[in-house]
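Have a look at the structure below, then the notes.
Note that the chains take the letters A, B, C and D in the order they are written out, and that residue 1 is the start of every chain.
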Amino acid sequence: MAREVYIAVVGPSAGTPAELAIGEAVGRGVAEAGGVLVCGGMGGVMESAAGGCADAGGRSVGILPGDSRLEANPYLTVAVATGMGEARNAIVVRTADVVIAVRGEFGTLSEIALALKMGKPVVGLGTWELGKEGESVDAIVRATDPRDAVAQAFRLASR
Amino acid sequence: MAREVYIAVVGPSAGTPAELAIGEAVGRGVAEAGGVLVCGGMGGVMESAAGGCADAGGRSVGILPGDSRLEANPYLTVAVATGMGEARNAIVVRTADVVIAVRGEFGTLSEIALALKMGKPVVGLGTWELGKEGESVDAIVRATDPRDAVAQAFRLASR
Amino acid sequence: MAREVYIAVVGPSAGTPAELAIGEAVGRGVAEAGGVLVCGGMGGVMESAAGGCADAGGRSVGILPGDSRLEANPYLTVAVATGMGEARNAIVVRTADVVIAVRGEFGTLSEIALALKMGKPVVGLGTWELGKEGESVDAIVRATDPRDAVAQAFRLASR
Amino acid sequence: MAREVYIAVVGPSAGTPAELAIGEAVGRGVAEAGGVLVCGGMGGVMESAAGGCADAGGRSVGILPGDSRLEANPYLTVAVATGMGEARNAIVVRTADVVIAVRGEFGTLSEIALALKMGKPVVGLGTWELGKEGESVDAIVRATDPRDAVAQAFRLASR
């Protein structure tokens, strides 16, 4: 089932309650829309997104940085242990059609940048802002809430 | 669901009918025993194993060498596009608890070797034979048929 | 000779003449200061930095995305073919102590982000500006010219 | 300098004195013939080969499994920290035109197999023997001593 829409949800591994709630809603939304959730497999927003996806009966894959599947959060359909550290971020993005970024730190920023480099759309929920020479670079599609983020992601995936 | 037994099935991407039938039976057996099937996601034995797994209602993940999920066989629960070429063989093995090798060519041999290097058991069905200085090196557990291979794999995984 | 200072120079694969000149000066400066230059091995700023390094008698390694060393620019001491596509950006950063970013596009942004994620200093020459919620995030050390960038990089590397 | 002949020397990370001497002679021979030595960057045969190469004034690159260059042996021209574990074996092989295998354990076997999969010649010095269904598979070119191994490797590289 590789032809369905795959949406990566990226965000902090130790999120605030508000961030976790956003991740959960996005994961649920991806599942309800019939998509497959891709994430980094660890805690924080990766875990809440996988939990939301599971609650809605959806499928998810977690692509872990470490050597052991046992580091995975418990809500994934399948966990993949890459043993590649941060280089796995490229696989998270490569596997997805669109990336939804929920706030996030530098790891999330790397996933946003890799997606844009690969020509994949990025939808942002309160995430990084980019600029050059004092001018904003509007490469991230801004969403107002989880529902909007999922809707935009599926719209962009179907182009 | 990272705590279930994950079994990688590795073998030729263009198998003979007999090899494909073995792959299909192994995939079915992994699913019936409650395991998750890991494979390289492409055709041949990877495809027949994923097909057998799907027929038995099991879960599978295909870890692809290329950039696109669309190269995946159609029977996978989830496809992962690594874009890493043969380096993805290490991820196939890393993700699994035990590897079942169905005959196979040099790619399969690399997966057998990586598994043994990582200390993971390898069960062989008519696959490579290894030696040094004229002496056989019996690192691969030999199985007589798909049923035996699956039984041995689960026994070794539970150690 | 793994204990010398390794400085990654990252930037656009098709730079303007001004960007190429900056890359050349940075590569020369890294060599003159006794460092080893790390780059992505391709054209543009990667090539001009390797050229500057070679002119000054320094050593450089290019870590290529593709399968073939023949894609490398001709100024490298050693070329490494990863066959991993953009995932090689993590290896460029992992291999370096400090990253100098010369302007750059999304690939460069991913290398900046990966470096910051790994806790490695990033020195910027007219490169990306980062923000969150309308506030600037000053994670990149700004340099005024190539000489300053190299000086700051070696200072940060010796901490 | 990506167009010179690159020869990977693979073998045990904890070799016997005889194995280390073979590695040293092979590394020296690669350098004397004008080649670039590729290795895994760690101890054992990787270290003795890099040492022989350095003694003869040659260039070498060590492609490390871990996150830190400080794990590298001290004889390399350049060390690359991949942070990818055993998946780095594919990069060692990808970077080389020909692989010389000095005896070795399962890691070495994986490099032999990956090279053969990628269509790259493998020259063996007392290394693994391969078979299928009781028949020997003669995929490795056997050399009698380090001098012969280097000569055969360069001959195969120039095809």
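Please note the rule applied: contacts are C-beta pairs under 8 Å (C-beta built on N, C-alpha and C of every residue); 3 or more make two chains touch, one makes a residue touch a chain.
What you see is a predicted model; the values in this text were computed from it and never measured.
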A-D or A-C - the one linked by more C-beta pairs in contact: A-C
Cα superposition angle of chain B on its copy chain C, in degrees to the nearest 5: 180
Label of the chain whose CA centroid is most distant from the centroid of chain C: B
Same vs different contact residues, chain C with chain D, by half of numbers used: same
Inter-centroid spacing, chain D versus chain A (mean Cα positions, whole Å): 39
Intercentroid distance (Cα basis), chain C paired with chain A, Å: 28
Residues within chain C bordering two or more other chains: 67, 82-87, 90-91, 94
Touching residues (chain side chain C, partner chain D) in the complex: 1-3, 6, 36, 41, 59-63, 67, 69-72, 74, 76-84, 90-91, 94-95
Contact footprint of chain B on chain C as seen in their complex: 67, 82-87
Complex interface listing, chain B residues touching chain D: 84-87, 89-91, 94, 103, 105-107, 109-110, 112-114, 116-118, 126-134, 139
